[in-house]
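Working notes, beginning with the structure itself.
As written, the chains take the letters A, B, C, D and E, and residue 1 is the first residue of each chain.
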């Protein structure tokens, strides 16, 4: 699959080929600007690839699909909706107002899960950067998507919150047999969460390394201190593209 | 000799309605009097008077009603040449309408241009003279110009239309058969005439003299059927668009030619009779167009130049 | 450099945020009054200078006197009151109709390629036409009652609403659109729940212009198509060169316009509360 | 799930992005032509039905014939050409003046508390007044030349520009304002380099409405204030109940309006290229 | 110094008291939503404190100051300006067009320093999240501010780019004797860069720990492997607020 942006004549993505078995967790890691967000948007069916195709459950993806939940790099909350209304938006869109009303309690639970209880009636302008990001996370989770596409979902969170959220994400994916694809800049986050880590390089955006993480499920934070974990981390670090600066 | 600039302000851009002036322009009568006349058109008599009061024009051509209103407010403007010496207004009914007498309009709705136009006071006077009172015997419905009036006729909203006689010609030419229903006795309700401020008249008596004389010459020239083509050509020169529809132009001309004829030819062209002004004032006061009679009605008009204008040009 | 809990040096917020010029700190009523007085003073000066005839521009004093007279008739239920009611009725109905039709057309124009590329040029072409020319058409279809005036006023007020609504539908940015697509929103839902709320500031710009246009439209309708409202009163006064009356009637019309405009502005403040204070995606 | 370089299954972009309805895929000229034909067909039907007198609504055929006649005079330099030039001149000058004055007033209204709280109500009040009532004033100050028509048309077109400009100045969000404050921008610089560019979409909404308003304004000026332009031609034709001529003159006016509108839309596309495609702070 | 947001009646910041000697580098670390961005905005003179005052060089801060450069949590690039025009904006504002034209080369250098050479004429909509963030960084640096306020400046960057940028930031601050205050969620970033690390806790936002980092300057990436470094990191981690989730 290839993607180029007309106008700026360079190839954003070239010959990307990746494969996500149902229920698996994959991560993409790569330098800034290498095309991760573009790849995610293509997989979500939000942008057409210039050539090639995306297959989901044997069907080509020709547009957004309901089973897919996507979390964008920007929180993209709507200023006229409170936090909880933002979270309930996808339910309202998919199943109407009554369903959204019924899901209210679930939304409140999700908000308190991410540490935002008490902020359900705050407007986006009253939320901090990390709080907005967590709200966007709840908005994606509320529909129980089978397939999660996450674009740097925890970039604005502190380490502890992030660790906690990582574990929650794993729990959610495992309990629902959901497939997940995570874009992250944190190598340890990628390793602790994933079955497979893809390392991308830039210009043109391409996959330079595919690494299977053979750690038992469920993963725990303690595993980070294990030597295998360190080995994976340094292997990935070695494959990361240093060209841009050094 | 340098020509004196004179700006004339008309209430409407049409040319044929002022054919004496346009004839005088294209036959060079004004130049002979030492005048160079330019013509401007505004929207209605009120604006004509406003333009004159503002000094944007020298001579205007409003109706008598607005002129008296202006005088009532202390603006010293004076009518000096009776252009439409015969009534411009009439009551029109459909050609095939059964009415023969004014009294047959009892219980009917009569369309008027505006709630207060000159034609309203005129129609009211006529109907009052016929022994009918507004509200009980008939009602007025303001319908606007002749276009909406045609609509109102067709919709059956009105049975008669109080309007300028030119409207009758226009409606007829456009295939809407109407007839004028106005009793002869009301022809004395003269229409628009030439006016200027008292100050202008006093400062430029020669302009008034020359202007009026050229008008009289133009009017006489125009009343001669032999000059018909020339008159129409003069009018077309002043407003080519109006003349494009030849049938319409002729119909209008035939109507207007009659209206500019003096009511009493022995008094000369442009003459104002005090009785006619009194009748206008009464009618305006009765209709509310004037709050009270003017203390100096005789200052609203003047016939002082009439004899000079008509000297030696007798028909 | 220190940041300290330094209670001796408390700075009141006004001093802090910005030095506001005196004129900006005047309370609103005072500021308006001052401005209106300034305008009245200039007006009076012009009127006194004698350069303008009183049948063109009456003095403020003379106008004020007439405003009292008209007010007397208005508030005691005289003929001015009747005319006022008729015009008010026309204004309200026309504004509601223009809003409904304009929003619909605006959505077609802003929301569909067909609307934008084919309908819009046609709407622009129609709107360029002097609407007064359509008055006889409305008269012949709707008669001489208020319906024909409402039609004309609606017609006149329509265009700003269409343009505002159409522009508003383009206000949503790419990220927000993508988000809606990703949650499987239908084009209709994207319209109703993203593009319309996002476009409200633009829509209200159009509505505000229309709120004023509709008053002018109703008056125009009465001027050209007969009728019993304020337009007829103005026309009578104008033809009698009763300029003070024209001006005082116009002043009352202004009040009507201010009220419709103020209403729209108030609704906007309530419904577009987030505008200016924040934008999408900011924490 | 697979993502593969699968050259057999290339999906052309149009199919992919969205299923576009047939009507949306018509090329613009075809779509406009179809729409215009539909309107003409309805018009012809109404005209044929006999419910409306030809004095009120001429048939399209009759109008077309007159359009040809007028066109002949227009393109051979006849009196229509002269009138067209005058009106065009008025439209251009008025639009430029309205833009300049409207932008200035809009900035005062949108940019200062005084403008917003005191000036705006006064502007609204003035704008509610039937502008036609001011025609005699302009006439008495500026005379019968085009100046008085330009003044009226400018006056009429002013308000949408003011509202658009004022609304635009509120479009910049809190983050962007903070950034400007943090780099030490003066209020003036914030205005020129942040609030104005941010407000351009709103400003253009106002300009588009004004581009149309100015044509109507010039015609109104000619109708009420004399002059030699299209307004006078329309008035003569209307008074003669020469409705086909009225309609054909109006059609030419539409072309003028379409041109000014199109020009504004073109300028907008060039200068507000970022609108819709992105918003602040998005990568 | 105290700050409360009216409307939502809670205290965002309470009794904050911090002291930045000229030329020093301080970091603030704390859980998401604890008030770090609010504090930075107050220090930049962009929001008034509810009570208390900010003193800079002995003068109370009553509004934004030219010597202060602030980088916001959101990139806030202007869509009608290209990357380089965005970078040159502060110069244009402060010293006019001609000065901006002269600074063009410096802007290009800064852009290539952060790995964006070739993107100078790209519009913000054509930049990835991390690229936008780096552009915002250049925009702050172009004016050589004496005081840098950085709100999570590297959150969208991959580890390698981030490390590189950290070292560049240190070099810039040292060479200019600039004072810096950095908000970050990366404990190691805070330790490697700072002379002092402040740990904040939430509700109300307050400083719970002030830690001097006694590592020699210039710091190098190797120092991350030293035992002192690890000790600092774990000390900070221990002080981080766990209340929100656990």
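Couple of notes before you dig in:
As a convention for this text, a residue touches a chain if its C-beta (ideal position, glycine included) is under 8 Å from a C-beta of that chain, and two chains touch if they have at least 3 such contacts.
All values reported here derive from a predicted model rather than from experimental measurement.
Common partners of chain B and chain D, by the touch rule above, are C. Counting steps between touching chains, the shortest path from chain A to chain B takes 2. Taking the mean Cα position of each chain as its centre, B sits at the greatest distance from chain E.
Computed centre separation for the pair chain C/chain D is 17 angstrom, with centres defined by C-alpha atoms.
Chain E has its Cα centroid 84 Å from the Cα centroid of chain B. Averaging Cα coordinates per chain places chain C and chain E 46 Å apart. Multi-chain contact residues of chain B (touching two or more other chains): 46, 50, 53-54, 145, 147, 151, 154.
Contact with two or more other chains is made by residues 18, 53, 56, 136, 140-141, 174-175, 223, 238, 277-283 of chain D. Residues of chain A in contact with at least two other chains: 37, 63, 73-74, 125, 127-131, 133, 156. Note for the complex: chain D touches chain B at residues 53-56, 78-80, 135-136, 139-141, 143-144, 223-227, 232-233, 235-243, 245.
The residues of chain C lying in touch with chain A in their complex are 175-176, 178-185, 189, 193-194, 197, 272-274, 277-283. Partner chain D is touched in their complex by these residues of chain C: 20-21, 23-26, 28, 31-32, 34-36, 39, 52-53, 56-57, 112-114, 117-119, 121-122, 124-133, 136-137, 140-141, 159-160, 163-164, 167, 170-175, 187, 201-202, 204-206, 208-209, 212, 215-216, 219-220, 223, 231, 234, 238, 246-247, 250, 253-258, 261, 275-282. For chain B in complex with chain D, the touching residues are 7, 9, 12-14, 40-43, 46-47, 50-51, 53-57, 145-147, 150-151, 154, 170-171, 174-176, 239-242, 245, 248.
Across the interface of their complex, chain D is touched by residues 41, 44-46, 63-66, 68-70, 72, 74-80, 89-90, 92-94, 123-125, 127-133, 143, 156 of chain E.
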